[in-house]
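One chain, chain A, appears in both complexes that follow, with chain B as partner in the first and chain C in the second.
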Partner chain A sequence: MAQPLEKVDRRDAKLALAHLFVAFTALALGGFAGLLQTLVRSGKFELPAGISYYTILTTHGVLLGLVLTTFFIIGFQFAAVSRTTGALSDGSRRTGWVGFWLMTIGTAMSAFFILTGKASVLYTFYAPLQAHAGFYIGLALVVVGSWVSGFAMFAHYARWRKTHRGQVSPLLAFMSVTNMVLWLVCTLGVAATVVFQLIPWSLGLTDRVNVLLSRTLFWYFGHPLVYFWLLPAYMVWYAVIPKVIGGKMFSDSLARLAFILFLLFSIPVGFHHQLLEPGISPFWKYVQVVLTFMVIIPSLMTAFAMFATFESYGRSQGATGLFGWLRKLPWSDARFFAPFVGMLFFIPAGTGGIINASHQLNQVVHNTIWVTGHFHLTVATTVVLTFFGASYWLIPHLTGRVMTKAMNRLAIIQTIVWAVGMTFMSGSMHFAGLLGAPRRSAFSTYGNSPQALEWIPYQIAQAVGGTILFIGIILILVIVINLAFFAPKGETEFPVAEAAAPYERAALALENWKLWIGLVVALILIAYTVPIIDIIQNAPPGSKGYKLW
Partner chain B sequence: MHIHKYEKIWLAFGIGCLIVFLTVVGVSAFAAGQQPPSCLTTIDPEKVDSTPPFDHPGLVKKGDKEYELNIVVAAFSFTPNAIEIPKGAKVTINVTSKDVIHGFEIPGTNVNMMVEPGYVNSLTTTFDKPGEYTILCNEYCGAGHHMMTARIKVVE
Partner chain C sequence: MAKAAEAARQTKKEKEPALKGTLASVFLLGFFIIFSWVSVYFLFLHRL
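And then the complex of A and B:
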């Protein structure tokens, strides 16, 4: 008789589903804003009723960059932790719900001030543009809520370790904890600027703000933020996809090592977003550029592990020749196909990232629409397609349903639509950016400047891509709603791969959190202490707030 | 920890490339002086109009074919906004902001830097090709952000 499927506890499933529900609502609204942006930028369309382009853009950035990602990730990780280390304790689950409601109330509050035009400061809210205090307070609640949920996961993991002394923790739990440690350490920076600088200043308790300090604290958070998005996608690649295709995980301990390297090298690197800024010495910029590039090592490990998994599986199925294994992969299974397309897009995406972070090349692309093209490949394709791929088993697993063949086919089409739309939109963003077209800008010919006229064909191509992508958003919403409410009842597996080789002792050593957190702190201190002291000691007079929209 | 032989080769190759790459970047930064704009001079953003050189913004001749171009940036304009530069001139551009953060970009060239209140930013470039160039703001600064522009004419 077949073994019963290992399932996420029903009460934990509800917690995870609540997060996914907010995430997909954000996708629907944010996706519509994205469509409007591409239409405006084509020059052929104007927003009705005097709605500002920048209100729409703030909505899009906050909903997709911050809300969709954070909610999906925390929901997914609650499910992963519950699946691999057992049902949450009542205390942990209650803590998780407190986190969820804090984040949801915070989101609603920020959204209210954005949509009423009181916070058109974009999702990076650079001072001295000054939003309504409610916008910053809402964001602070989102961050605090995510911490509360992080602590629920830590507590659950600690309890598992106590009752399983001398055992290596399940890979997905280890990875979730690593990602939440990363998140906790990096959000300290953004929380510091929001709580100690921006909230008192927007409430009128202080009248001036140190602009460079605020930006530096923001970017201390802003880069690790992108790894917080990426690591859950890697969790799916390392720990789920091998099972989906019917193979084994290439190496459990190397996967853990890769995650620890991401934790170490994704934080002390925010200056690569500030390369063109005054007030920071080029020496410290270069130090952080070097640290930035260290993440190439775990990235190469990840690429190797993926292709090794695919090839070993193909050969175990009798594939021969150099590329024969490719034909053995389950191309018609959306749970595999969507993340796989995401992986392919990471090849140009990663290459673009190397260009952006280069000490000198950055000057060519900084703040051009090239950068927007870049992160629509990384987060809006690689990460998002992997999240979609995970939803195809996660949602039916949590709701006790099964994905039908028709929905699977629709999911394959969705993936192709997304890939085509993104190729148009992101591709033309990259080209226009190389010609100098700025990002975060409504349509303008800059007084019929010959340079700006050259960008228009690319902007029209972006609108074509944006329209195709919006069709992709409608398709994914149809699939998700079907899986949540209408798909036939049944049991769906939450796939978790086994390692090809038995656990190594090394894996146990990798759970030395005191060591890793100590190293993280040391690297941060090396990279940031001197420049931050400089920024504070040599600060110019602070800035008053401006509301220029 | 067991690492497959091919993975060792792959990582050794990757790390080797990384070292070469970072060395090239480092040498061109510190030996050849190709650093990103990182001026450390500060200024009171509310007294820009009375602080030299921004009290008289514009092009200043400093030597044979050497110029300084001082530009005041504020929502939503560059001052001055029409500039003539002789072809082949080596120009050091100094900028500062009177209000929020702006960007300073000349599409089609490598001129690109952040303009922040309280700081002067600076870079040096040579205008070798005659013609019209556009200055634009590439950091969001408010409702008129995409209208912020100025012209440079490089003349024989």
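And then the complex of A and C:
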């Protein structure tokens, strides 16, 4: 007799779905803003009604970089925790809803001030650009809401451990908790700059702001933010994809160790975003560059584990030769195909990251559109294609529907459209960046300077890529709406992979949270204490606010 | 006794999955990273 499918509790499913709906609404609006940006930057199109390029740039960055990702991740993790450690308690679920509404109200508030042109400060909201206080307060609410949801997950996980003493927790729950610990620790930085510096300054309570301190606190948050996006994609790769292809996870302990290494090394590294910033000593930049390079280790471990999972499965199906196993993978299954293409794009994405973080090479690419191209490969391809691939089973699982063959085919086409669009857009951004084209700036020929004229063909290629990507956004929205409301009723599996080998004792040691969080704090103190004291003690008078749009 | 342990070791060895393709893949990945890094490094030197 077939085993009944293990399902996410219906009440938890509602909570997860609410997050996913906000995420895909943000994708629709933010994606449209992205299309407009690439068209403006081609030099062939002007925004109507005096709308500023920087308003749509801020809309795009905040809605996609912060809102889409955070809502999808928290919704996905609630589902993953509920699926693997049982239904949430009423208290945890209620806390989750409080978190959701805080985040949603905060998003609406920030979006209002962006769209009314009072907060065109880009998603990095660097001081001394000064937005309306409502923008910062809205963002603070998003962060606080995410903390509340994180605590709901921690409470649920702690209860599971209490009732399962001596047992290793389910991998997806362990990974969700690791990601929320990472998030909680890193958002303390952005919360500090928003609450203590930017809100009082934008309300006129203080005249001037310590720019370097605010940027340092932003990047203390800004780089681990990248890993907060990436780790849920890795959850899908490690713990879901092996089951989707019909194989087994290569190693449960390796996956857990990789996540702990990400937790340790993704936070004390923010200076690699500030390598050309005056006011930070080269020694501390060097220390953080070394720590940044440590993060390459778990990324390469993940690459190895994925190849090994695929090869083991292919060989179990009779594959021969060096790469014969590739032919055995389920290429026509969108649940596999979309994340796999995401993995492929992570090869140039990660390589670009190594170049960005190398102190001297950073001078070649710093503040050029290469960097924009880089994070459109990491978050907007690797992470997003994996999220799309997860949506193909997660949404029907939560809504009690099944994906039809026609929708699966459309999802394969969507993935190809995305890959082609991104190759055009991100590829031309990388090349234009190497030729010196700046990021964060509207179209200009810079007085017809020969160097700026060289960039124009690449900018047109970006608009072509951006247009193809917008078609990709329409396709994914069609699929998501179908899976949520119109697909045939039925049962869809939430795939969770088994490890090839039984749990090793090492896995238990990896749940020693006191040790890991202690090490995280120690590394952060080593990397940041002296430079932050220096930034505060030797600060210039500070800057008044500027509204340049 | 020693023979039994040796036999167990042999069986364990046989069960190790063949991961030649994985080895080749990670090498290709490594070469791609090195090639890209060195390319931008030479661009940096050229612009000094």
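The rule is short, and it goes like this: the second predicted complex is superposed on the first by the 549 of 549 C-alpha atoms of A that agree within 3 Å, B and C clash if a C-alpha of one lies under 4 Å from a C-alpha of the other, contacts with A are read in each partner's own complex, and residues count from 1 in each chain.
The rule is simple: a contact is a pair of C-beta atoms (placed from the backbone, for glycine too) under 8 Å apart; a residue touches a chain by one contact, two chains touch by 3 or more.
Quantities reported herein were computed from a predicted structural model and do not represent experimental measurements.
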| item | value |
| --- | --- |
| Partner chain(s) touched by A:H366 [first = chain B, second = chain C, both, neither] | first |
| Per-residue touch tally on chain A - higher for chain B or for chain C | B |
| Partner chain(s) touched by A:A452 [first = chain B, second = chain C, both, neither] | first |
| Which superposed partner A:Y54 touches (first chain B, second chain C, both, neither) | first |
| Which of chain B and chain C A:L254 touches, first, second, both or neither | first |
| First (chain B), second (chain C), both or neither touched by A:I355 | second |
| Touching partner for A:L122 - first (chain B), second (chain C), both, neither | first |
| Touched partner set for A:W325, first chain B, second chain C, both or neither | second |
| Contacts of A:I473 with chain B and chain C, given as first, second, both or neither | neither |
| Chain B and chain C footprints on chain A, overlapping residues | 300, 304, 308, 358, 360, 363-364 |
| Chain C - residues contacting chain A, complex | 17-22, 24-26, 29, 32-33, 36-37, 40-41, 43-44, 47 |
| Chain A - residues contacting chain C, complex | 300, 303-304, 307-308, 311-312, 314-315, 322-326, 347-348, 350-352, 354-355, 358, 360-361, 363-365, 434, 500 |
| Chain A partner contacts - residues on chain B that touch it in the complex | 1-4, 6-7, 10-11, 14-15, 18, 21-22, 25-26, 28-30, 34-46, 75, 99-101, 103, 105-108, 110, 112-114, 116-122, 132-134, 136-147, 149, 151 |
| Residue ranges of chain A touching chain B (in the complex, touch as defined) | 52-54, 120, 122, 126, 128-129, 211-212, 215, 251, 253-254, 257, 274-282, 285-286, 289-290, 293, 296-297, 300-301, 304, 308, 358-360, 362-364, 366-368, 435-444, 446-447, 449-452, 501, 504, 506, 538-543, 546, 548-549 |
